[in-house]
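Chain nomenclature is as follows: A, B, C and D, assigned in order of appearance, with residue numbering initiated at 1 for each chain independently.
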Amino acid sequence: MITRALKAHTPFSMLLMGLLILNTVVVLAPLGVAVISAFKTTGEIMASPFALPSAWAFDNFVKVWSAGRFDRYILNSIIVTLGAEIIILVTSAMAGYALGRFKFRFHGAIYTLILMGLMVPAKLLLVPLFIQLKAMGLLNSQFGLILVYAAGGIPAGVFIMTGFFRALPDALEGAARIDGAGEWTIFSRIMLPLVRPQLAIVAIYTAIPIWNDFLFPMVFLSSPELKTIPQGLSVFFGEHAVDMGALFAGLTLAALPLVLVYLLLSEQFIKGLTAGAVKG
Amino acid sequence: MKIRNLLSAAGIAAMALSAGQAFAQSVELSFWSWRVEDKAFYDDIAKDYAAKTGVKVTFTPYKNTEYPTVLSAALAGGGGPDIIHARAYGALATLADAGYFLPLTKENVPNIVNFSDQLLAGAKGRTPPHNANIYGVPFATQALGIYYNKSVLKSAGIETLPKTWDEFKALCKTLKDKNIACLSNGSNDVPGLEQMFGVIGPNFYGGTAFFNDVIAGKKKFTDPAFVQAIAETAAMKDFLPRNHQGVGENEARTLFANGLAAFYMSGTWNIDTIRTLNAKADFGIMAAPPLKADGAAYVSNFADGNYAVNAKTKHAKAAADFVNYLASKEYGRRFTDTLKQSSAITGVAPSEPLLVALGEQASKNGTPFLMLVGFRYQNPNGSVMLRDGIQKIIQGGTTPEALAQEIQTGIATWHKFQ
Amino acid sequence: MTTLEIRNVSKTFGDVEVLRDISLAIEDGEFLVLVGPSGCGKTTLLNCLAGLENVTSGDILFNGRRVNDVAPKDRDIGMVFQNYALYPNMDVRGNIAFGLEMRKVPKAVQAEKIAEVARMLQIEPLLGRRPGQLSGGQRQRVAIGRALAREAGLFLFDEPLSNLDAKLRVEMRAEIKLLHQRTRTTSVYVTHDQVEAMTLGSRICIMKDARIQQFGTPRDLYQNPANLFVAGFIGSPAMNFIPVSPRRAGQELAFSLNAAETQTITLPAPPGAATADLVLGIRPEEITLAPAQGAGEAGLDCEILMVEPTGPDTLLSVMINGAKVQARVPPHVDFRPGERVRLALSPARMMLFDPGTGARISADR
Amino acid sequence: MSSPPLSRTLWIAFFVAPALALMAIFMLAPALAAFSYALYDWKAFSRGDFVGFKHFIRLAEPPYRGMFLAALGHNAITFLVKLTIQNGIALLIAYALYQRPIGARFFRGTLFLPVILSLVIVGYLWQLFLHPLFGPITLFMMDIVGLEQFAPLGDSRFALATTILMSIWRNVGFPTIVFLAGMNAIPDEIIKAARIDGANDWQIFRRIILPNLGPAFTIIVILTFIGAFEWFDLPFVIGGATGNPANSLDTMALMFFRLSFGDTSSPVTDVGLGGAVSVVLFAIVLAGSKFGADYLRKREVKA
């Protein structure tokens, strides 16, 4: 990429490189200090906030794990996110397939509806959703929350999947029809396997906000056994307000699952989360 | 015949099943609260209660800022716990008026006779028919005062406590000059600011007489005395600790308990917490010094909150029985001895000397904690306007006069003034 | 084995007419080529034959049976697509097997058929690979194999060679021809390349603007084009068109091809032909080098504008009557641009067209 | 593909039905209901009488007018700051990454890391760093820099700015990636041609790259706008339902939430008034993003 690269060591290129390094420090330093602080006592944090701990003791983590029920919160987050994702992926793959591959009577109307669904701010639906879940007997139920999240993720899922299905060659479908495949076989055996990478994009795009949400669980789930990580973290912060070491440990624990997955799959995450804004 | 036999068999089975659930071990009561600090106490109570009756009670505290949301959402959703740790006055009335609470009577909670009518007033609904019922068993009365750290004062060379408000302010100035924080209170925690007002204000606006007058609509919040009460409270900003804008309730307690400030304006519920934070802390509690040495030193007090029963509970009997236990003198004794708060139960005198000391003051010059007792029933809410307003004055966003006017306008939308 | 008949088929997409009153029929074992420029409707017609699209009106008959409402899978056809349309998620074996599997052919029979097809197309080593790991030519073989394995009564080819490079295209073209000779399966082949059409088709249907321009054997189309479009479309280099203004002289039309009127040509006047402006058509190979002036034979003196040696012969570009004309001459003379050359145009090889309608007005040869 | 036969119609219905049903029940119906809420009186979550535009009028009068305008102002400030600073930083970083420096993948990976973090985690993380007594940054500012006071989250003059900075810290990776994708979509030939024409780095950035980022700008401006006007999570985590201190973090969404669900000391809910706030908020977001998108699309360079 010779054409792109700046002439080596112009002041401008040095400035840009400096900016990148500075930005990386600004991003990583707080996270690093948080993790380090999780190994310190409150006294140590006050005495020398940026120093390494005198000993790498896991006391704070042990305390948090036993007191904070983080195992429960993590499990709940997994249940809710996974449940919603299964529904989102299945339904939006199916609907995206129909909208991307067929022309039919209400095609335009349905597609418009999906696009409008993208614009609805979910937070403003808090009260009616609450009343509705109550009427359906789905309050304080993980299943109810899963359905709400699924509905919230479907517009984006259908939108993304429609685009990808539309881009698949017509001939493939024709070949399958001539080969004798029925509608379901064409969908499940020919088309669906081709959009697997795109399904991953939809999954990441829709799962991260669900995993990170705290408003809906706070309002819709009242049982302490059902709390998800963000909500659980909030409870934990309330209970241990001045135990800085424990708070940092709680924070580290709460962030850990997603950060680990991100470290493994950062490319997919970046692609997935910017899918709505960046085509492809 | 066959069908009838089958049906009756099923009926018997169902009865047996429900009977089994109603009895003994199978009853489990859930109990929600915002009292994160008291979890150990309530767990102990639950353990002993289970040993005695076989009824298991699970105590779950929530972060205090989220508890109202979680609770009102759960109740509105037809769920929620069996036993509800509820506030008093407006906060309770709102939920009671919505029909979420089971009315408590001499029949289902015989121990209800253990409370004074004045305290039970904080456990009633506001609108008919709910205003005729009692929905909670009060658990504590609280008084507001000034904590003082004896060791800090001694090390600053101060031997006697101030006798007048001017002396108090002069003392604060002295401490400030010596680089010692006078107050540990922060201005980040707005309920704490309202409590500061509860400590300082009554001496300026004239305590109970003013309370009765605004309740009756004879006086307005624009009254110069009330304006001055606000101004005096906000003027404390000069004596707040470093970074007071960021200091909340937890930090204020920590600062005071660790001897990093001389005084702390707060309520009696904090005695135990301060000792927990620092077992060696040597402190006392007093009422705000009067304007003149022989003047009245008012102490704001209030019924702290109530134990209520969810109207939708599946175990109404067991829940009422448990609440009845929470209304017993035996429990009251344990409550006040362990948590160092004044039990709401008549005849249960506190053993904690600090409670006794402030309690004597309160019995002479007690006055209702103005906004909490009188003006939390509707929006805009008196407490919210007052506390947010004091914070705004401290941060330079408004003036006492403007705040008084705002409160008057706001409350006039739902309270009658002459 | 299938006969195919198309009766008055029309198709519209909204307001756009993509097929207009198409009728043709071929016999069992024939190789029909649908040829025409892009957008002429040839692929749509093929899709209608496959059942992937429905006709708006008219009938399609296989073996005399109307198949308009028969699903693609029940039409007994095999199809090869332009972009191969191999299932990317299956290996070559899976691609070939899929259609058999859908028809519930027993596993053992499937394996047998796959082996047979693989042998025939020499793709045995590729059976375990995925389409993404194959070259274009290999993919095309697999696509053909997939259609073959089905032993369908009718093969449909949708521009199967257009994505291959020139050399491979010629090779594959020959293979398809051989394959057809061997299997004698009735085939319909869509292309925009007239060379493919000429070399492969037993009959060719030339289409333009949703209509059939001419339907006939390759020889027919070449020698007796029905109109200007067909005349210009078939043959490479294309037929020369020279505007002429003939005079009527009795039963004949006479015109000159240059201002100096060194060669006056007389043709038998077709019945009813006006003497208005006409277009004269003559293929480059029908223009020959004339002996030097005065040798008795008529000829046109022209200035050479461009010389394009192709190897077996040389193309000379000259201007005749204001039109650029190409002549195909033997390669052994060394021509240079700017030189003059004397060309002979044989009247026997000339065709006349109406410049307005494009219709041929001279009689068939 | 023309109009399909009956069996295919049934299949299509089968394919779209689950998605549509879920959307209808948990999105469309609540959205329609939400708009109607503002027109009724409410007692907790039970609907009372129809009152027409009463709640909208209440919103336009004291004491709620000031509260609403302040919240709206905070949303607007957030939008402007994020539009300029967050996206400005993003553009620069994207350009730096576009040069494909050594370690570009690493830089990009780190940059995007905070974007995946829950706002609760981000909020608490910075609250801990800025803790008035123990916070590492607080201690640094007071002990090393020597400031007398340092409590930006408790000071109504700085709280909003500080919270916006946190939000920028968390989000800047997003526009960066979008800008980077936009830059990468510009054909290399154009850059080559410009270089041959004698353009220097700055001229190429200014004259070639920026004008060709039109679509990326459009999407980022719109997303920034929607994000800023629906801002809720971080102000709630930092300042609770009232936008503490002194309502300096109050936003329209926070006001809606507070009115609908109450807060610590104000359990009296006002679903009708909250509904009015949500309708106004939705109208602003919809109108703003529609006009914004139309205007920006017109300015895009057509490739």
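We take it that a contact is a pair of C-beta atoms (placed from the backbone, for glycine too) under 8 Å apart; a residue touches a chain by one contact, two chains touch by 3 or more.
Everything quoted here is computed from the prediction, not taken from an experiment.
Colleague: Fewest touch steps from subunit B to subunit C?
Modeller: Minimum number of steps from subunit B to subunit C: 2.
Colleague: With chain centres set to the mean of the C-alpha atoms, which chain is at the far end from subunit B?
Modeller: Of all the other chains, the one whose centre lies farthest from subunit B is C.
Colleague: Across the interfaces A-C and A-D, which one involves more C-beta pairs in contact?
Modeller: A-D
Colleague: Can you give the whole-Å distance between the Cα centres of subunit A and subunit C?
Modeller: So the centroids are 56 Å from each other.
Colleague: Between subunit A and subunit D, what is the separation of their C-alpha centroids in Å?
Modeller: Distance between chain centres: 16 Å.
Colleague: Suppose each chain is reduced to the average of its Cα coordinates; what separation in Å results between subunit C and subunit D?
Modeller: 60
Colleague: Could you tell me the distance, in whole angstrom, between the mean C-alpha positions of subunit B and subunit D?
Modeller: 37
Colleague: Considering subunit A alone, which of its residues make contact with at least two other chains?
Modeller: As it turns out, subunit A has residues touching two or more other chains at 130, 134, 219, 234, 237, 242.
Colleague: Where in subunit D do residues touch at least two different other chains?
Modeller: Each of 1-2, 45, 131, 133, 261 in subunit D touches at least two other chains.
Colleague: Hey, what residues on subunit C touch two or more of the other chains?
Modeller: In subunit C, no residue touches at least two other chains, as defined above.
Colleague: Quick one: which bits of subunit A touch subunit C in the complex? Just the residue numbers, please.
Modeller: Its residues touching subunit C are 169-172, 174-181, 185, 190, 193-194.
Colleague: In their complex, what parts of subunit A are in touch with subunit B?
Modeller: Those in contact with subunit B are residues 130, 133-134, 139-140, 218-220, 222-224, 234-235, 237-239, 241-242.
Colleague: Flag every residue of subunit D that touches subunit A in the complex, lowest number first.
Modeller: Listed in rising order, the residues are 1-4, 7-9, 11-12, 14-16, 18-20, 22-23, 25-31, 33-34, 37, 45, 89, 92-93, 95-101, 106-121, 124-126, 128-129, 131, 133-137, 139-140, 169, 172, 174, 177-178, 181-182, 188, 191-192, 195, 201-202, 216, 219-220, 223, 226, 230, 232-233, 236-237, 253, 256-257, 260-261, 271, 274-275, 278, 281-282, 285-286, 289.
Colleague: Enumerate the contact residues on subunit A facing subunit D in the complex.
Modeller: For subunit A paired with subunit D, touching residues are 1, 3-7, 10, 12-13, 16-17, 19-20, 23-24, 26-28, 30-31, 33-34, 37, 42, 45-46, 49-50, 87, 90-92, 94-95, 97-99, 101-105, 110, 113-114, 117, 119-121, 123-132, 134, 147-148, 150-152, 154-155, 157-158, 183-184, 187, 208, 211-215, 219, 229-230, 233-234, 237, 242, 244, 247-248, 251, 254-255, 258-259, 262, 266, 269-270, 273-274, 277-278.
Colleague: Which of the residues in subunit B come into contact with subunit D in the complex?
Modeller: Residue positions touching the partner: 64-65, 67-69, 72-73, 76, 87, 90-91, 94-95, 97-98, 186-188, 190-191, 194, 242-247, 251, 254-255, 376-381, 383-385, 387-388, 391-392, 395-397, 406, 409-410, 413.
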